[in-house]
Structures are given as C-alpha cells and as structure tokens.
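Scrolling down, you'll hit the structures one after another.
Same chain, two partners: subunit A is paired with subunit B first, then with subunit C.
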Partner chain A sequence: MTVLNRLDWYNIARDTNWTPTYVSDKDLFPEELTCAFGLPAEAFEEYDEPYKTTYPEYVKVQREKDAGAYSVKAALERSKMYENASPGWLSVLKLHFGAIARGEYSASSAECRMVRFGRAPGMRNMATFGMMDEIRHSQIQLFFPHQYVSKDRQFDWAFKSYDTNEWAMIAARHFFDDMMVTRGAVGVGMMLTFAFETGFTNMQFLGLAADAAEAGDWSFSSLISSIQTDESRHAQIGGPLVQILVKNGKKAEAQKMVDISIWRAWKLFSILTGPVMDYYTPLEHRKQSFKEFMQEWIVGQFERSLLELGLDKPWFWDDFLREIDEQHHGMHLGVWFWRPTVWWDPAAGVSPAERQWLEEKYPGWNDTWGHCWDVITENALEGNMAKTLPETLPVVCNMCQLPINYTPGPKWTMRDFPLTHAGRDYHFCSEGCRWVFEQEPSRYKDHQSLVDRFLDGQIQPPDLGGALKFMGLSPGEMGDDALKFAWVEEVRADRIKKAS
Partner chain B sequence: MALFPLTSNFQEDFVLQLVAVDTDNNMDEVAAAAAVHSVGRRVKARPGVLRVRRQGASEPFARDLKVADAGLRPMECVEIYWEGSTAHLREPRH
Partner chain C sequence: MSDVEILKPLKTWSHLAARRRKPSEYEIVSVNLQYNDRPGSAAPYELDPNVFMNRWYVEHRNNSPLKHKDWNSFRDPDELIYRTYCLMQDGQETYVYSLFDQFSAREHDKALTPQWAGTLARLYTPSRYLLHTVQMASAYLAQMAPASTIENCASFQAMDSFRWLSHVAYRTKELEGSFADKGFGKDERHYWEQDAAWQGFRELMEKTLVAYDWAECFVALNLVAKPAIEEGMLRLLGNVGRRNGDLVMSLLADAELIDATRHRRWVAALVKLALETDGNADVIRGWIAKWTPLADAAIDAYASAISESQSAADAAKQATATFRASLGL
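Coming up: the complex of A and B.
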C-alpha cells in the first residue's frame, strides 16, 4: 500500500477544530482553563508548530530512546558507579531525582491541560506528545535511582520528597504548582514550555548530561540526554503562542506571564543548579562556573529569543544579571549550614584548592562568602561541630520559599522586602518575588511558608527535632557534610605546610 | 510577658534568621539573642556594643527599651550591628 508523505496529510489530520453543536464554544473552552485572554479561536488558527511529528513517528523514536537509556543502565549495573563516585556527585543525583522526578508528573498534567484546552490544533497535537514525554520522564527518573535505594536511603527521596513538607521541596512544589498545576492552557504554554523549559531546563539538561559524562556516570548521562531530546521538542509549544498574543494586542499579558516564570525559575535554579556546578562537582570535573554557564547558555540565548518573538527583556533583568554572580553562593551556604534538613549530603566545596577556584571565578569571594566559611572552618578544625549547625530557622521568602540571603561581609547588603496585604505581613527575598506576589495576591496570599507554619504551632516540638519530623526526615536520610569534613584535614595540612 | 518572634539581620551575616524573644526583653537582650545564631557560627566575634535598629532607621533603639514598647510587628526585620562600625542603611519599606 502506498503511504502518503507526512506533509501531504498532516495539516488535515491534525486540524480538529470542529464546530460544537451540543455545547457552546464558551462551555467547551472556558476562559479559566484556556487562559486565552478572551481571544477567539480564529486568533489561534495561525499557530504553526515548529516541530511536526506524527504518532507512529513519535512511538518509533521514543521506543529507540528508551531502549538506548535502559540498555546503558543494564550494561553498567555492575560497574560500581555508586561505590566509585565522589560523594559530591552522589549528592547531585539525589538532589536531582528528589526535586525533579515527581514534578514531571505535574508537568504531564499541565501538558494534558494544553491537550484538552489549547485553542490551536497544532498546540494540542504537540502537547499530546509532551504529555507522554513527561510521563516517561517521571517513570525513568524513578526507575534509575531505585537501584541505589538498598545502598542509600537518601535515594528513596526520588519518590518520597514530593509528598513531604521538606523546605526545599515546598519551594520546588510552590513554583511547579504555580506555573503547571494552576494555569490555563496558554498560561502553561507560556510559563512552563516557553519560559521554564526553553529558557532554563533544556539548556540545563544539556549541561548536566555533559557533567555526568565528565564524572564517568554514563548511565545518568544517557538518561538525561534522552530526556533532553524530548524537552527540546515540546519546549517549542510556547514560542508560536507568544507571537499570537503579541500580534493580537496581548503583549503586556504575555510579558507578565513570562516575567513571572523567568524570575521564579531563576530562584529555583539558584539553589538546584548553582551549588551543584560550583561546589558539589569535583574540582577536576568542572568545565565552567555556574555564572559562566548562565551567561553563555541561558542569558544570551534567552535574551535573543525574547526579543525575536516580540517581547522585551523583563524589567528585573539587571537584578537577574547581578544575582547570577551572587545568589547561589548564599543558597549553597544555607543548604550546607542547615544540612540536616535536606535529603542529600551537600559537599562544602571549600578546600584550599576549591576556594582558590572560587576566588578566580568570582573575584571577591574570599572577602565575602569566604568570611563566613572562615568561621565555619575554624570551628570544624577545633572540633566545635555544634557551632557548624543551626539553632534556629532561616526566614524564608513568602514567594520562592527559599532562605532570604544576600552577599555577606563588610558591604552587608542583606535586607528584607516586606509587604502588608489585607492585614497580613509577608516577607520577600527580593523586589522580584514581591512583584510576583503583587501581580495576583489572591493566588498566593493564603500559602504559609515553613516559618509561618512554625509560628502557627504546626511544628511540634518547636525545635530542630520537631522540624525534622515535620519535614519527614528520618535518621539515615538527613543530610550531612558529603565528605564527612575530610576537606577540613586538607585545610589543616595546608596550614602545617605553610608554617613549616 | 509573651514570646515575640523577630527577623534578625545580623551585620555581615548572609541570611535572615528567626529569633524568638520576650516582650519584656530590652534591646541589649534582643541583640544577644540574635548574636547566638550568627556570632561564632558565620560571623567573627569582635569587641564592642551591639545595637538594634528597625530596618531602614538611621538611629538604633535605646538599649533599655523593651520589645513591648518598641512598636515592632511580629517578624519585623531588625538590624543588629556593632556600635561605631560602618553599618549601611536600608530603605524603610513597611
């Protein structure tokens, strides 16, 4: 039987804009779920998906991708990767799987909303594949870490984290729920696929796959590459939407959604990716600093695509550029200092050689972050470990849910960005997070940060033990210094060498 | 006499922290309570008197002023700094 070429039938087959007769168009596509800003269906008829594929083609390619990733895993099962990997690299894996795997299911439900309520047939078609992509991502990222659960309970958090009130998980979930679970189809297209995936994760997965290969973890590298190829396809759902909104007089609305998502994605990136690149990855495997990565892969490319599609740079662009030099150092220090409250073992990354690298990549590091680490290092050298741990909670931001932190040292730039709304006081880490809240207070106002819950009496007893219980962290799961303070001995040896 | 939560912004530290004080505490006691969580943990100890001011205020609270009389809101951010040091001012926002 002769088979037609795809392009000869694709447009007819995927054009499912039927005329409803039993219900009205408004009932079929309620504004709340389409998020079309009142634009009629005709406005979306110009939507032209940049990546065209058919179901048989999709299944064939996905089957090959799965076969590739799973066979690499099977082949390397006896490779002793777990036993031979650096503790810092294992922390990268734990952090990644715990923060991302179950979030992929949320992403799948978001894609479902575009499948059902997207106003353009091409968008619905691409989202159908995107929906299946995200299910695959969740399953494969739960299956791969499962092999390590019997060796290390922290890997169990690949599945467990999403159902807990662990603080970093609250932060990830707050953002994911905002842009994926509670937005209409156009909102998801703009905030998840365009801002978050095109802007951040697509590039980040490329970098992560390369880091994994560099660290000798071929299994993880092939897994991440396999996911990234899906991501680069379905991330393109948002681009044509931006153009349609701009063309139909909805630029301000499009800009706002994109700006909110970029700011929020950045905040999460600063804690998930920054510490991994500049502190956890063993020094000999670091190709570029987080700042260099952000400037090369995120800032430049994103800036171009925003302008090309008719949007402007977000109003906070200067703050964002400043923060990529600073913010992740504080996120890292916060995670390390409050380490019993996370499900991975943060690597301090401040041995003498590592500090030299940090100073080189971030001139002034020793006079700012270095000051805090000097005090920590002295305490560790003297065996005063209690002083390397906290006795209170950091104040977390009522938007990003992350500790409010700034560059320490003589300049002392730290401050709170408070707001009183409807009689309740909120605390934000930045102008950006406060601005996001102000765009739609009803969306965010009832959420309680971890500190709000503590003050509300939900954490009992009201101490570290009670907080760990509240967060679901059992002994054997709580984080500790990844190298068990071996780096302190390097400091000691360095000092003896210099003194002799 | 009641527990009163404040947000501590301690000079040269990197993170805002929750500090539980009592409404009967004076500002010297607030400063000491905040110092427990910063000095010797991430900030080097130094001699001198610690002062407390509201975020953005140019002058500190009187050292013997009680929390109950300071007009602070629960969780309001206070800055704790060494008297006589270069302590940068922040824009008041509340």
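Coming up: the complex of A and C.
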C-alpha cells in the first residue's frame, strides 16, 4: 500500500452536508446571510469547484510562496529602490497599499461568510482557503509598505486610510462593503469572487506587476504577482454558482448581481488603476495603456467567461466600452486638482513627451483633456499656483462616491443623472450608478456622501481646511504634485527651443 | 503666520507609534485591521445604516452582553500570523502524512480487528460532519469578532478544523480499502444523523451554529463545545484506539490535540481580557451554565458507545470542567 492520491479522498472531505433537526434549516441558513434565492440545499450539491486543493497541499504551496515573496523583499532591502524610484512610482505604491491592504482583510471576513453560510461543502472548503488567502494579502501588503513609514509620512496611510473619511476611501469602502461583507454567501461568491476577482484583480495585480517589473521594483512586482496566484484560485468559487443559478431559473438574479459588481468595480478602477497606469508610471516603464489592459483582461477574457457560463453581456456594455476610453482621464484630472485631499502625490503625467503618448493611445486626448491641462500648464508657467488648486469640494456621485466628471472639449457630454426617491434627491455620475441604486434603494438610500455630510454641517469650518481635517489629512500627509512641477520646466524649455 | 505642524515620518504605523516599544511583525500586520469599528462612523459598513448586515453587526457584535472598551487590545499569545501558520502546519502535516505512509507500508490496518474497524466506521469516520460544523462555527466567530486579533485566531481555528476533517477523509478512504464491508465512505451520514452516539454532539453543534451573538458563539464553541469534542471524542478515540492496537488513531489524535492546546491558549487570553470588565464574568458563567448540560450529555452519549465504563465519560467531562476552571471565572 502507498500513500493515497489526493483525489481518492478529496470527495469525502467535501461530503459534509447533513439535514439539521435540532434547529430549522431556515435558522441555520437565514436567507439574508445565505442569499440562496429560496433554492434548497440540494440545488447547490452539484457544486463542483474547478480548482481542487487539499489542506496539506495548501499549507505547503503557500509556505513556499511566502518564502519567495519575503525573501525577494529581504534581498532587495538595501537595493535603494526607494531612493532611486521616480516620485510617480512611489505614488503608485502609496495609492495601492492604502486602497487595498485592509480591504483585503475585509475580504477575509467575506470569505468567512461563505465558509459558514455557503450551501455547498466544496464552496465552504474553498472559501476556507479564500479566508486564509485574504489574511495573507492584508498582512503581506501591510508588512511591505511598513518598511517605508520612516521615510515618508504618506506611507502611514497604507494602514490609516481605511479608518478615515478621506473621500477616495469613502468610495473604496462603499464599493467593497457593497460587494463583499454586506452580502449573503451566494452574493459574495457572485459579486466578489466571480465578477470582481475574475476580472478586475487581474488588472491591478498583473497589470501593475508588469509596470513594477519595468520600473525595477522587483519586490513589489513579485509580491503582487504572488497575490494574484491566490486570487486566480479562489476567484473560481463563483463560477459554479453562476451555473447553478442559471440552471435553477435564477439567471436574471445572477445577471443582476454580476452587472452591479462589474459596473461598480469599473468605477473604482477608473480612479484606482487608470491614473496609475497612464499618468503615474514613468513613461519609459509603461507596459500597456490602461485601455489596452482593460480590453485584454475585462473586455476580452471576462466577456468570454460570462457568455460561457450562460450569462449575457451586461446591459451597459456599450456605455462601458465608451467609458474605458474616457473616464479615467477625468478621474485623474480630478485627483490631481484636488491633490491636497489625497494621501499620495499625484503625478500630472503631462510633459510634452507624455502628452504625445496619451494622444497616441487615446486619439483626441489633446482636443479634450488636453485643453484642461493647457490651462493648468499656463497657470503653472506663470507661477499662478493658487489657480491650480481647489477652493471647494468636488460634487460626488451618490453611488460610486467619486467626483462627477465628463469629457470636455468639442463633444461636451455633460449630463446629470438625478433621481428622487422617497423625497430625497440623489445625483449620479452615470446611468449605471443610478441603475444600481434603483435595483435596491434600501441598501443605499440613507447613506451620506461627502457632499451630504458637508451640507449636514459635519464638516467644520465649512471650507477646504475643515474638509481636510474631516478627512484626517494634515500637512505632511496631504498630496502635492509628485514632481513639484518639474514637468512645467520641461514645457518651458520646449517652448524656448521651438521659439528660437 | 500660522504655526501649522508638518507631520514627520514615524517609526511605525501611527496607531502603534504612541508606545515606547518597537512593534513586532505580529503587531504590525495583525492589530486593528478591521475598519467596521471605526469611531464616529454612522454604521459598521459604508452603506445605508439600516441595511440588514449593518443591523446584524450592531445587534450581534456591538450590542453583545459581553463588553470591553478595547477589544483591539487582545493579543494572540502565540502571535501567529499567516506566514508562520503555514510554516508551522506544513511541518505538522509532513509529520502526519509520514505517519500515514509508514503505517500503510507496514500494513497497519490489516492488523486491526474487524470489531475495531466497525467501531471506527461508526464512531470515528462520521466525525467529519462534526468537525465541519466546528469549521463553520469558527468562521462565523471570525466574521463577527470585534477585533482582528480575535478574528485571526478564529480563522486559523476554522482552518485547523478543516485540517482534522481532512485527516478523517484520508483515513476513511484508507480504511475502506482494508475493510470493504464496514460501510466506510458510505454510512457516515446515516450514523451522524441517526445513531444515538452522535445525536448529542449534533444537537450541541446545530445549536451552537445558531448562537449568533458573537460572544455567546465564542463561549458555546470555545469554552464548551470544542473542549467536549476534544476530550469526549478525540482524546477518547486516541486512548481506546491505542488499546485496540490502532496506533494511527492514537498518534493522529495526539497530533491534532497540539492544535487544540494552542486554541485553548488564545481562548484563555481572551477570557482574561474580558474579565477586565465588570459584569462579564456573570455573562460568561451564564452562558457556560446554559451550554454545559448539552455538552455533557453529548459526551455521555458518545463515550458510552465507545467504552463500557462510565469513567471514560466522567474523565472527559472533568477535563472540560478543569479547563474552564483554569480561566479565572
């Protein structure tokens, strides 16, 4: 006799559903925590996770992965990556860790929801690994930036951000809380693992890993690509659920959850990943444009997996395809303009060479966003810095909580998407965000956006200074132009050269 | 001129910087990780304050009868983090699977009596259901815990429960190969749902799974149910197994009880922290009084099936009581 092959006993370990009799099935699996749409446990017993891992394999493989990522970090500790990195790249790190690290921890709690309230044993076991994975992601993504806290106070926000009312963090929490921790088990599987992790984490973790490698930040590159190997495993929790829902007459419900998650993820990534890839990453290190990454990972691959599992393209697909050309440029402009209200230093990314790249990747950029940057550039050239800074708060969307913005220029597309619900007026940035609200107003209706809190008198004094205090930002933390306007001097030199 | 202070870089996270001591890796990556308890927020989660899950957390976590002004001050005495957990358990698993390997090479199972094999089929391999309920309940405790340092301990405990269940699955398949007629891999659910030996544990755990207050879940699971399962089933199986020439059973139980002992260390530390607040001792004692009869009955039912003498059950019950008595209640 020899040691058993894992597939010999794998099925026994996931044969653990039983019929409760000392408590009712309804009490053991309340609908709000389970989100089974009234389907019985038997409907979920067909659940078959495509990626099979056992406990001993998990701890062995993960031990090796950690050994790899931590040893790369240790080996590079004296490599002067930090000292040699471009300011734009450090901003990438600050934004990434602040927006992600503790969100990962919340994802662990969401995985716990599936371990407890999932109706299929295979799902509960896979989610047990998912729960562990997300603890890993939060811990390792706190450990790495912690090495920089003594160099730059903004790195404190790798931890601090989630405790604040900084506007981008309100937006991040609103999104993650909606997709992860306030959903029943099936909802988590559909919205977090299937819609979000299958599609969008690739963008952040593989796309950015490519840029990091180009930028010479091997430590960060190996870290986030290691994380993505976990994501691509536990992201597969959702796929079998899609099939079960479709098969049992719940396609519309499944489609709606996926659509909500994709739309909302898109909005967040337009501000989280878009500016990073197309503006902060030094030009010579950009692997692909944000739009190209989006087309490869979301439009191409994800669209295919939706159709394969029996779902349709989301109803907003045309809006979405249009937005991946435009939306993140506006988000970037907003973040840069309101730079004192963020915990990183946004890189403008509009030197002459960069503008050329932008025009190449996004034909028409000069005629739209370019005009806004022309005005900013002129003010900066004349030393009129006050005009490059905000005096008020941006108007934000009541769903994504992000600044409402549209493509400027000849084809000015300014549109408001208002809604009055139960006597309260709401403003949305898009049809998609308004549609999400309408699907389940009770999830969102009494939430206060930053602007609502301002009008409510929670921000005192009611000006930018009061707002910064409200957001937890002090001098030393507040953002500034990453290059301290050195790019303006490039413009000046360029003009002098052309004039002579 | 305003004298606005410009914040300087600190040596660690600002929330840990006030202390004089340099924080450990454990503290840097484990403390205060939850944000659904941030002061001044309208609700745990950034949505309508009245959405179901916000109400659930307010009711079952914030408003629990067990109170403490700073649950985030809890520290795992083992200071486990993800990295060290995998390192440690990979080593433990290497040991367990080498046991399986060696004993299978020696044809250990062939030497077991058919009668003992029958006992294993009825009283050991159905335990995968029981261990799975512990996995589920631990994951509930994790998602409701009021501090990340508590949540981590509960999450690792869920993972350990899955570890034990995986060992059972492995042994089920092996034993099926040696004893095709004992119902291994077939009759476990029937025993779990119908056999008198299991009904006490099933009742205990089904009810523990719906103890939705986080602290009652903690007391029911970690002060009562888990000790009962560990003393009344696991240790007993190991002891009786050894007497029946089943060294695999006995060494496996020993290996798993290493995890159980670690769980009791964090549990003791959490009780100690809770006892800093007046009134908590009574709350905990009240829950212990409520849950212990179910656990004792579960031990009685199970132990009487595996061992003729009542002393085995008594010893197990005593061991759970001794553990609770050690907690300073």
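Points worth noting:
Going forward, the second predicted complex is superposed on the first by the 496 of 500 C-alpha atoms of A that agree within 3 Å, B and C clash if a C-alpha of one lies under 4 Å from a C-alpha of the other, contacts with A are read in each partner's own complex, and residues count from 1 in each chain.
Operating definition for what follows: contacts are C-beta pairs under 8 Å (C-beta built on N, C-alpha and C of every residue); 3 or more make two chains touch, one makes a residue touch a chain.
Just so you know, these numbers come straight off a predicted model, no measurement behind them.
Model built by superposing both complexes on subunit A: subunit B and subunit C fit together without a clash. Which of subunit B and subunit C touches more residues of subunit A is settled by the count: it is C. In the superposed model, A:L333 lies in contact with subunit B only, and not with subunit C. When the two structures are aligned on the shared chain, A:D156 is found in touch with subunit C, with no touch to subunit B.
After overlaying the two complexes on the shared chain, residue contacts for A:S500 are found with neither subunit B nor subunit C.
In the superposed model, A:V115 lies in contact with subunit C only, and not with subunit B. In the superposed pair of complexes, A:T420 makes contact with subunit B only, with no contact to subunit C.
With chain A used as the common frame, subunit B approaches subunit C to a shortest CA-CA distance of 21 Å. Residues of subunit A touching subunit B in their complex: 330, 333-334, 337, 369, 371-372, 374-376, 379, 387-388, 390-395, 403-420, 425, 427, 451, 454-455.
For subunit C in complex with subunit A, the residues that touch the partner chain are 4-15, 25, 28-30, 32-36, 38, 42, 45-54, 56, 81-83, 85-87, 89-90, 93, 96-97, 100-101, 104-105, 107, 128-129, 132, 135-137, 139-140, 142-143, 148, 151-152, 155, 158-159, 162-163, 165-166, 168-170, 172-174, 177, 185, 189, 192-193, 202-203, 206-207, 209-210. Those residues of subunit A that touch subunit C in the complex are listed here as 1-4, 8-10, 12-13, 15-16, 18-23, 27-28, 32-33, 54-56, 58-60, 62-63, 66, 70, 102, 105-106, 108-110, 112-113, 115-116, 121, 124-125, 127-128, 131-132, 135-136, 138-140, 142-143, 146, 149-153, 155-156, 159-160, 162-163, 170, 173-174, 177-178, 181-183, 442-448, 474-477.
Remark: subunit B residues 5, 7, 9, 11-20, 36-37, 40-44, 55, 73-77, 81, 86-88, 90-91, 93-94 touch subunit A in the complex.
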